[in-house]
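So, here come the structures, one by one.
Consider the two complexes below, in which subunit A is the common component and subunit B and subunit C are the respective partners.
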Partner chain A sequence: MDIAVLVKQSLDVQELRVDQDTGKIYIEDAPTKAGDIELNATEEAVRLKEKLGGKAIAIMLSTGGASGKRQKEAREALTRVLAMGLDGAVLIMGEGAEKGDTYVIAKALAEEIRDKFGLVLAAEGSEDNFSGLLPARLAAELGWPYVAYATAIEVEGDHVKVTRSLEDFEEVVRVKFPAVISVTQEINKPRVPKLVEIVKAKKKPLDQKDFSPPVEPKLTIRELKVPKVERKQIVIEGDVEEAAEKLIQALKEEGVL
Partner chain B sequence: MKVLAFSHSMDLALELVSAGRELGDVSLLVTSDQEGRINEVKGAKEVLLCKGLDSGDQEGLVELISGLASDYEVVLLASDRRGRELVGQVAHRLGASSAVDVSSLSVEDGKLVVERMTFGGKAIAVEEMSLPAVISVQKGKFKPPEEGEPSVREVSAPSIERRVEVIERKEKPKVGVPLDKAEIVVAVGRGFRKKEDLKLAYELADVLGGVVGATRPVAADLKWMEEEVWIGISGVRIAPKLLIVVGASGQQQFAAGIMDSKVVVAVNTDSKAPIFEQADYGVVMDLYEFLPVLTKKLKEIKGG
Partner chain C sequence: MADFDVIVVGAGPAGSVASYLLAKRGHTVLTVERGKRPGAKNMFGGRLYSWSLERIFPEFWKEAPVEREVTKEVLGFLHGERGVEIRLSTRPKGRSFTLLRAKFDQWLAEKAEDAGAEVISGFKVERPLIRDGRVVGIVAEGDEEMEAEVVIAADGALSFMAEKAGLRPKLSKEDFAVGAKEVIELPKEVIEDRFGLSEDEGAAQLYVGDLTEGVIGGGFIYTNKESVSLGVVMRIGSLASKVSEISTAMWEVTEKFKSHPMIRRYLEGGKLVEYSAHIIPETQFMRGVKLYTDGMVVVGDAAGFCVNYGVTVRGMDFAIESARAAAEAVHHALESGDTSARSLSKYQEILSSGMLREFETAKKAVDLMEDERLYSSIPKIAVETLEHLFLVDGKPKENLYSFLRKEFSEEGISLLSALLLGWKALRSM
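This part shows the complex of A and B:
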């Protein structure tokens, strides 16, 4: 049975610059990458594919536009997960993809996945948007069961046992294949590929396809605003004793002690 | 607009009723395990009671809510983990638009407009949603209504084949003071070298009358806190009047959870740590040297 790993081309939010005064968000300037939790999903796929005896393939539908820069970054992100031990990758890209909402993307991804895979692994949320909507929609589109927030996955014959972490309890569920499962950061420690593995990964199959939206989106982003957070950023100087005293004084003046 | 609401947590369900009233009449779905709290529901037009379904049955819920939803324009769910798990599935079954963790909702020219945090908290997205729409509402944004008795109507449970079977469920220890309601919070990060050392943070919190929270790795990965209470985009968002962040780098996903704090103090050995940009007062020092002294001095003042 083959495994599909969903990898999103996410904005690197740590590097994203915003200007609080003008409200400008420098999206084009920010680099993109595979999300950290998608590396956990990749690690889990590499571990599970031995038990399931098939291949594990990364699937990326890029919504970053079709510029040369974004294309290069998308291929780099896929090389990164291939170097961790995936067998191949599919990159779907094209004009208009940036307007796609989760409804559109789920429909397009389902066409790529249906009849080819028995298990889909994804992150509980993407690095930049963190909605977790896509794997849920994909499961519904495919008509497969969906289990989110996995902290452990064990294969047992024709089903998997998934431990998942919810706010007030931990739950163990048994799910039949085919299924869609999203994982958390705590499920494993993603391996860091060696240089030779990265070199080898560049020779693994990376199948690039053109995107054309199968349906119209249900949601449009009207505006992106920059929240105003003003911090004083005062550095307290002095030795330990002095610093503690100065801090206490400052907090008293703020009226929070 | 007609609104259908449901949450696994009765407390969040009451917040959803309030959020839904911004749009129109609300019907609140109540499952068998929640029946005992039905009389707490105020302000909804009606309660839809399903005696044949437990809220632990996610597949049953997807089926039930998708079925009922044909009579409504908007479905509201909570932004806890199980609520968010339902949003995408229900929305897709209905061919509806979807958004999670929204902080406000309104109708403008017949369009549903919502706001939500994105880019790890660096931006707020204002989104226009087509109807029907399925939405999860941010926790703590809406106060439960106090008046208005709903009528009660029973609905029948769906009969479907379950593909997910719950084989074990373990309760987690309950949190003492909810972090999102605390006035003073000390947040600990991986700068602490071992679990025992968190004592330094608890002592500081004690003298201030505050509570201790953590970054995600400290709570979920190292499991140093007895409860799963981490602060951030995937955890709790806090709004204390004083927050002291100790030994945490201040990565964006953490920072998104502390934006509403009034005064932020950061203690970190690395003067370049991003947390200092998120702080009003920064102390570039070893927490092991600084915290004991700070706590001692605070004790002296508080002691009289």
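This part shows the complex of A and C:
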């Protein structure tokens, strides 16, 4: 049985540039990469694939449009997960994908995954948006069970035992294949590929396909902006006693204390 | 059998050019870059002299991400709140372009990749892999060994590769200068208006004066399409002893430079989008550098092919040309199946009959720029002499000759030595 690992082309949020005055975010300028939690999903897939006796394939549906820059970055991100031990990758890219919401993306991914895979591993949320909606939506599209927030996965015959981390307790569930599972960062420590593994990964099969939206999106983003935080810029002077008193007073007025 | 014919350490201009040329000739090339992407962490002042890159990519500026072609050269003297600017408007024969490294280095690295080189970023090379006194590959982070017939060290000014292969002595801070730079965004039209440029034209402006307080160095401004690169360059040796002191000093001088009335007006309303600092190898240390050994050659800044004129630095064109010479030599070595030092000495031969002559001339100019008076006395005298010439206050004016004599003697310079300074300047150009 083959495993599909969903790898999102996430914005490198550390390199996002923001215009402080207008709140504008320069999305186009920011580089992209494979999200960190996707690396956990990849690690888990590499570990599980031996037990399941099949292949593990990365699937990336890029929402970065179709520019040469984004294409190159997408391939680099896939090379990285391939270097960790995946057997191949599918890259779906095209004009219009950037407008896709999770509904569109899930539909398109379902078409790619149905009939081909027995298990889908995904990150609990993507690094840039972290909506965490996609794996659930995909499971719904496929009509497969969905287990979220896995911190441990064990294969037991024709089903898997999944430990889920919830707010106050852990839950252990059993689920039959086929299934969709999202993992957390606690599940494992992703291996760091070696130079030679990256060199070899560049020769692994990478199948690029054109994206065409299967449906119209239900949700469109009108504008992305950083919330503006106005500083009050109050300076409190005086000796320590006095200043502390005034500070407490000011904080009370703000409703902080 | 080695893993690769060639391993190139560093994807700056030197590394990418060497990778490109060797991959194009059918050799297997692995290029290892420690930054997240080629160029991600690289900086320079702002101008590339195009002669050497043009030999490899004729009319490269038509496709490469260059910013503006430099047609305005400004030399400025700053003294206190006052200043003098000398402006040369020209369409120079030797073309030069302003550019931003993050984009440009990535473009060059892509050229290498397209030619077939494997360019891998995000990996640091720890040291050359040496067996029986011969370089046989690299050791990457995580103690991973990778073998190659020839290693090309293109790892920049600090080059641990050259040092660990015994090609250059351990350097001390006197061997370096340091540069700090800010990129300040301004609308295109504003830049063209303030610097007197038409579309695609660019300005290169250098300033010396009391802002560095006697330390050799000064400030620079280069115009990009929609930003200006502004920064300062200073000698480390004379600057301070601790890294923290150096960075504070750099920051203070940059701020002083930016707030000078003559500079401030260029920047008004601009938005600071990037800050970076980098070291610059001083030319003197070249004496102790060897360019090749068994299985390895050193190119670009790593080999010391960088000239620090005091305020401006020139190294990109030399990095590219040295990489071209090295690629030529390495190609021959690989073809002949002999990659020993003797065979690789062809690299030095090619350089000697070409670039090294240009490099020596450039270095001569540096000898002049070593004169500390250029950074303190001359700017002051220039500003005050012009003030003397132009200001009218109704009082009788001292004649120019006696005014100049007074100015020079205040600075402890005889007129004769001033003339000599001028003569040396002319000769070195």
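Side notes on the structure shown:
Just so we're on the same page, the second predicted complex is superposed on the first by the 228 of 257 C-alpha atoms of A that agree within 3 Å, B and C clash if a C-alpha of one lies under 4 Å from a C-alpha of the other, contacts with A are read in each partner's own complex, and residues count from 1 in each chain.
Here is the rule we go by: contacts are C-beta pairs under 8 Å (C-beta built on N, C-alpha and C of every residue); 3 or more make two chains touch, one makes a residue touch a chain.
Source: prediction; values computed, not measured.
Look at A:K202: by the touch rule set out above, it reaches subunit C but stays clear of subunit B.
Once chain A of one complex is fitted onto chain A of the other, the partner contacts of A:N40 are absent, as it touches neither subunit B nor subunit C.
By the touch criterion stated above, A:T63 is placed in contact with neither subunit B nor subunit C. Of the two partner chains placed by superposition, only subunit C is touched by A:P31; subunit B is not.
Between subunit B and subunit C, the partner in contact with more residues of subunit A is B. By the document's definition of touching, neither partner reaches A:S126: not subunit B, not subunit C.
In the superposition on chain A, A:R231 contacts subunit B only, with no contact to subunit C.
In the overlay built on the shared chain, the residue A:Q9 is in contact with neither subunit B nor subunit C. By the touch criterion stated above, A:V192 is placed in contact with subunit C alone, subunit B being left untouched.
Listed in rising order, the residues of subunit C touching subunit A in the complex are 3, 30, 32, 36-37, 110, 118, 120, 123, 140, 142, 144, 146, 271, 273.
Residue ranges on subunit A touching subunit B, taken from their complex, read 11, 13-14, 16, 18, 25, 101-103, 106, 124-125, 127-137, 139-141, 145-149, 161, 165-176, 179, 184-186, 218-227, 229, 231-236, 240-241, 243-245, 247-248, 250-251, 254, 256-257. Listing the residues of subunit B that touch subunit A in their complex gives 59, 62, 80-82, 84-89, 91-93, 95-101, 113, 117-130, 163-172, 174, 184, 208, 216, 220-221, 228, 233-234, 241-242, 251-253, 259, 262-265, 271, 274, 276-285, 289-290, 293-294, 297-298, 301. Against subunit C, the residues of subunit A that register as touching in their complex are 17, 19, 31, 72, 192, 194-196, 198-199, 202.
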